[in-house]
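We just call them A, B, C, D, E and F in the order they show up, numbering each chain from 1.
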């Protein structure tokens, strides 16, 4: 006889950690799609029937978005079981199966679109990020994302960037300082701004400073922040900045970053290259779900 | 002396209608970006200072997303005043000013990124939609969006589609029936499915049926739903379907819709063409905000 | 040994679908009743004891409201099991048992009133609706509800109407258009209003127009909306309207609908009869719950 | 020139206290009716136009429900001004005006139904309560409500009972003890139950005990709770109970209370008569709102 | 083979009742600590590993706070099992184990601080309360808490007071009346205030009156509230008040209550002594959690 | 005549920034105290009357907690005006006035306790922190708080620490890494743990490592984290650690920190001293509010 202890043990491996930070978004998503009910399925499909589904890549992609995909169904029914056949971060070829689901037939039909809407967007970001990351492989420069994410999706999109091989810049306004032009002006200069920040700051919060030219760079180097951002500099200027800095403070290149310019920017010798396009301009990849009654 | 009545009257013109349906998303967005506080601005900027900002188009675009843009700031401070210089739905040229803001300098800095994240995405959708809509101008076919929207953004994205010249398909699973393959199978055929739906349905809810071939089309025509969707048919088959239908029921083309195929699809004589790309694959347009202390 | 797969399978049949749309109301209801705790039960009842309960009809009624009844207890304890002995929509005679429950004795006592408050009201609506629906049996006219529901209860009350044999009118302001006097005035006439609506509308959203006299009816018929509502017309006028329309557009009778007038209105030949009383003036039926410790 | 101080002073008289406890319900109510938008008004009515409305009693009623009525509009627009011409609790005759509103024309149209749905139900409860209270005027017995309220509406409905001339019983399970049969059984008798409750209880929480016969009444009198409830006793038995008690503990009559039995019950000499029908079976009164564009 | 019935039965003993009233606070607490993720654990700890933990008292204490302690982990993972080795309200000696946990190693690390933050504060309150309660053992006076609790923690802190041997005063402004100086002034005297309150009040809501001197006490005694609070009176005056009252109405001593003054106050003959320090000035006790990977 | 522009300008100075992060806590606090209504004030106080209040320090204290104090009243009424006569962070002497309020008399009475409950706790933390900070003045060591805060109060308490002259350690698990014993074990050593963290981390997230002895310190120094925490070391060992480190990495002393040991710890040469007592064991200071009707 199975003991409860054993049972609980097995259950642990199937139950997924409750993700506090995305549930509000999933609830919004289900509410906006289902509203007062899935009329078509409610009227036409037997509530007792069970179904099975396969999630298929319709083009080559990098897998991501498994957590919200699965939780969409978990919100709709406690009895949907979802098995992922791929790892997040792995390349999935056109025609391959990403996941298999069992559950109430009606639930599979009702949740399909919302679940796919999450996955197709997050795989899209991971896939685009991988293209960027591949270009940077020969260079030391690390690929960063930005705060230019889809409102409500920050944590999900930054995770997809990681699955695509990128690294996350700060999560938001709260976990690191980025001192920009306006902050500098408000303090009367880079030196004063960095000093003021350091004097009041947790010893574990980092400070980055944005510079636009060489005199600002010199002032920033003297203030020794944790990172210096070169804002919209030309390739030539970035190269000169990297030489001038010679490793004393890591440099981040920002602005005009595209797949085409990536290698050239990396060659300037900067340490980080950040791109908003990874999250704000990735197109959705094509994924479909084949559902059948069993 | 100004009377309270006058005052209230004037206030009416400045206060904006509270939009219930997007506030949850804005709250999520602010929470994920601000978290425990905008440390940079909090430490370095005088809380009493006031500022002014201009929102500039960095490329040609179609304006959209004004409501969430403005509400982001409204959440942060009751004293931000936002004047839009363009109409939503109008074309804005590179370099033109979309909006001007007055408010606490710190609030403008804190809200900038989140507000722009909303606007750049929604203008992106309106701009892409307009490109599609322009292509369709010579034809009777109407451009529709789909349910392939960003979870949490349904209402906002569908509004942006309208500003770009598109028309909205159903809002979600609740406001119209779309009887697909699985529903049809569950009822034993199109005829039975439409009949079952009609018999239980509000007289004001519409019914669309998805068909994949001519025998299904024939059966659907006999059942006379409000719309018939031709699912992934070839151009030739769509043309044949339109002839066969000869206006008895409006036809919607779905699948393989791109800017390049749009005109050809329209020429087949269908009444509606729906495209998921409008909402799931529009890139963000480039918009920036120039902030200064006053 | 039971395998986890078997276990999960069995569990599927007991776990109920999580109903997104009513949970907020249930949470409100429990909060307002329980507040800082059920003092009587908390002080006087052993938390470990288990109990059993039967839900008894104290008068003839039509069953409804099972979902919120059950979820009230689900919120209070994961271990309440609820078996319904009747189907929603069926007639239950005085003295018959609607449901049986097992669970913590304290939970049964704490949840009793709130759970019954849901069920007694929803059975009341189903029961009243059935009386109306019975009167309409000999006629083609279909019984509709309205938007005159108890705020917060829309979905639940409309479902109870269906269990009583009625049909739902639109769910809210979002899933169909009902063009009333003020909207018509704002557009300069019925023709203009319908045309404006149709030109911007999803092909799946329906349009109903309210008319008060024959000249409006004529204009409405020419505009061919999906339904025409005859607002507060006399029996004689409704009859004339039905003749005049002769089936071109379905007609809905609205105003002065009572159990007594129902048959007479149906005889005029209208297609739909809508009644706000179904939801706003049904009395609660008498249901009680017998609880015992085991 | 008006000073800001004066301005704020005047504003105080117009602004209404934010009612924490009903906002969740109002938000639910607006969400369920408006969903993704008031399509009719959104498409057909000019958003800049202002309007005026009058709220008219279509039958004699007792006024109630002003707070949720007004807050419905406050949620939709900051610029709706609502003037009530009657006091809550006062009798309003058929044809009289309850309130006048100014605000955006579109907002008045969108909020009308939800606001009236609140008011018509709460006036209905106040009106029914007043009928009951009138019957009790010649007697000392005080009319009480129960916990048989509409889930989510407890505070609102209990307030309406007060406007109708009734008195509130406990608000919920948290603010007083009502020791019923099951609690008594769990403690081994009334004496033990009351003693156990008293020993652990705040000195300010009251204790009521439910009794079904004279031996229980005797035991209860000896335990001296704050109130004794006579559960479903005959008129004769209630009379005997009142004599037997002779004022030592206030008695509450419960069960079979209708407009017809009220006077007879009061004559038995009980101190309180409680009726669930006041809140669970009041019909809505007829109120309409005349809106015009200005 | 274990039957499902057996399984559900066992599960009942492990699953804990869902506590509606503290979940919002726990959610806030987890959100503020975890924010966008536990970076250290997320990067460095294998998500599949399981762990075990022991919760150890680092000083003598009275146990409390088990419910929020356990729910913190329940929010993070469905698979944490928590066994408490002590009863709430019992004395735990330095070095003894309060609880043992099994669960995902990462979850134990992530939840540790938040769970302990709840428990150390609530045990601190129970421990301090016990010190007060011990001092009162020789006397009839009952120890009460106040409304001077930590905002958001009312129910939890009042429960901890009970575990320490105290009794709860009213829970909030809603479950009893406390008529203070300002209320008395607003009504024109104690007599009028008590009369007004009684005339409109539920028969089960109690009334306490605050008095500052003997003339107020006399007036209060004549009005016969349920309790009289002696506000900041000297020991001598309290004694005189108790004699003067001679048990007609219970007296509550309030103000200047410390461990040192407690016995002297009790000796005056008052019935209740209330202390805000129990909840607002208890220091946290020292509790630690030893976690290991298994 | 005052122009609207002027008016809005003035209003800006009175309106306070809406603080997203504490509103949920305030809402909880008001809900738990007010519940179904402030019965005493509601029954006995005229809703139209206006009042005035002064907030008085009853002992010397450091001011803090102004934002939640004011927002409690803002939630209850839009017309309470609150003027603070002191700065947060300044010393206020016994008898001095902290703030003056004008507003509805009833609102002042209803909000008093909750508002004071916030302020007395936060001033208590600022006051205790100042005592600690004063002791450290002669030394270079900076006073830090910890994550041992009251659940739900993290941001508020950390702000109060700053007002008392302390500096904040990390805000939570999300804004810096603190690699502890368990994390080290999971990675197979300090070197591996720091390397793994650095390789995947945002360039702006800092890393602290906890060490318990000199061999761990040596390994940590080689790994060069941003800070090293000396966990529960003796004074002697801390001194030796500081010498051994000689400024290469800042050192944080943790454990056994009290007012009495503070100076001795600072003398060892550590850079930071962190104390949980600042937030988990500060007693509330005594503050009262004098309210009068005007």
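We take it that a residue touches a chain if its C-beta (ideal position, glycine included) is under 8 Å from a C-beta of that chain, and two chains touch if they have at least 3 such contacts.
Since we're looking at a predicted model, the values are computed, not measured.
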{"item": "Most remote chain, CA-based centroid, reference being chain E", "value": "B"}
{"item": "Distance between chain centroids, defined by C-alpha means - chain C, chain D (Å)", "value": "23"}
{"item": "Length of the line joining the C-alpha centres of chain A and chain E, rounded to whole Å", "value": "43"}
{"item": "Junction residues of chain C, two or more chains touched", "value": "1-2, 7, 11, 21, 32, 34-37, 154-155, 171-172, 174-176, 178, 200-201, 205"}
{"item": "Chain contact topology (line, ring, star, complete or other)", "value": "complete"}
{"item": "Residue numbers on chain F that touch chain C, as the complex places them", "value": "32, 35-36"}
{"item": "Touching residues (chain side chain F, partner chain B) in the complex", "value": "1-2, 4, 7-8, 11-12, 15, 17-18, 20-21, 154-155, 158, 171-172, 174-175"}
{"item": "Chain D residues within the chain C interface of the complex", "value": "21, 24-26, 28-29, 32-41, 43-46, 49, 68, 105, 109-110, 113-114, 116-118, 120-121, 124, 147-155, 171-180, 182-183, 185-187, 193, 196-197, 200-201, 205, 276-277, 280-281, 283-284, 291-293"}
{"item": "Touching residues (chain side chain E, partner chain A) in the complex", "value": "1-2, 7, 10-11, 14, 27, 30-31, 34-37, 50, 75-79, 81, 103-104, 107"}
{"item": "Chain A - residues contacting chain F, complex", "value": "142, 144, 162, 167-171, 174-176, 178, 200-206, 208, 226-227, 250, 252, 271-272"}
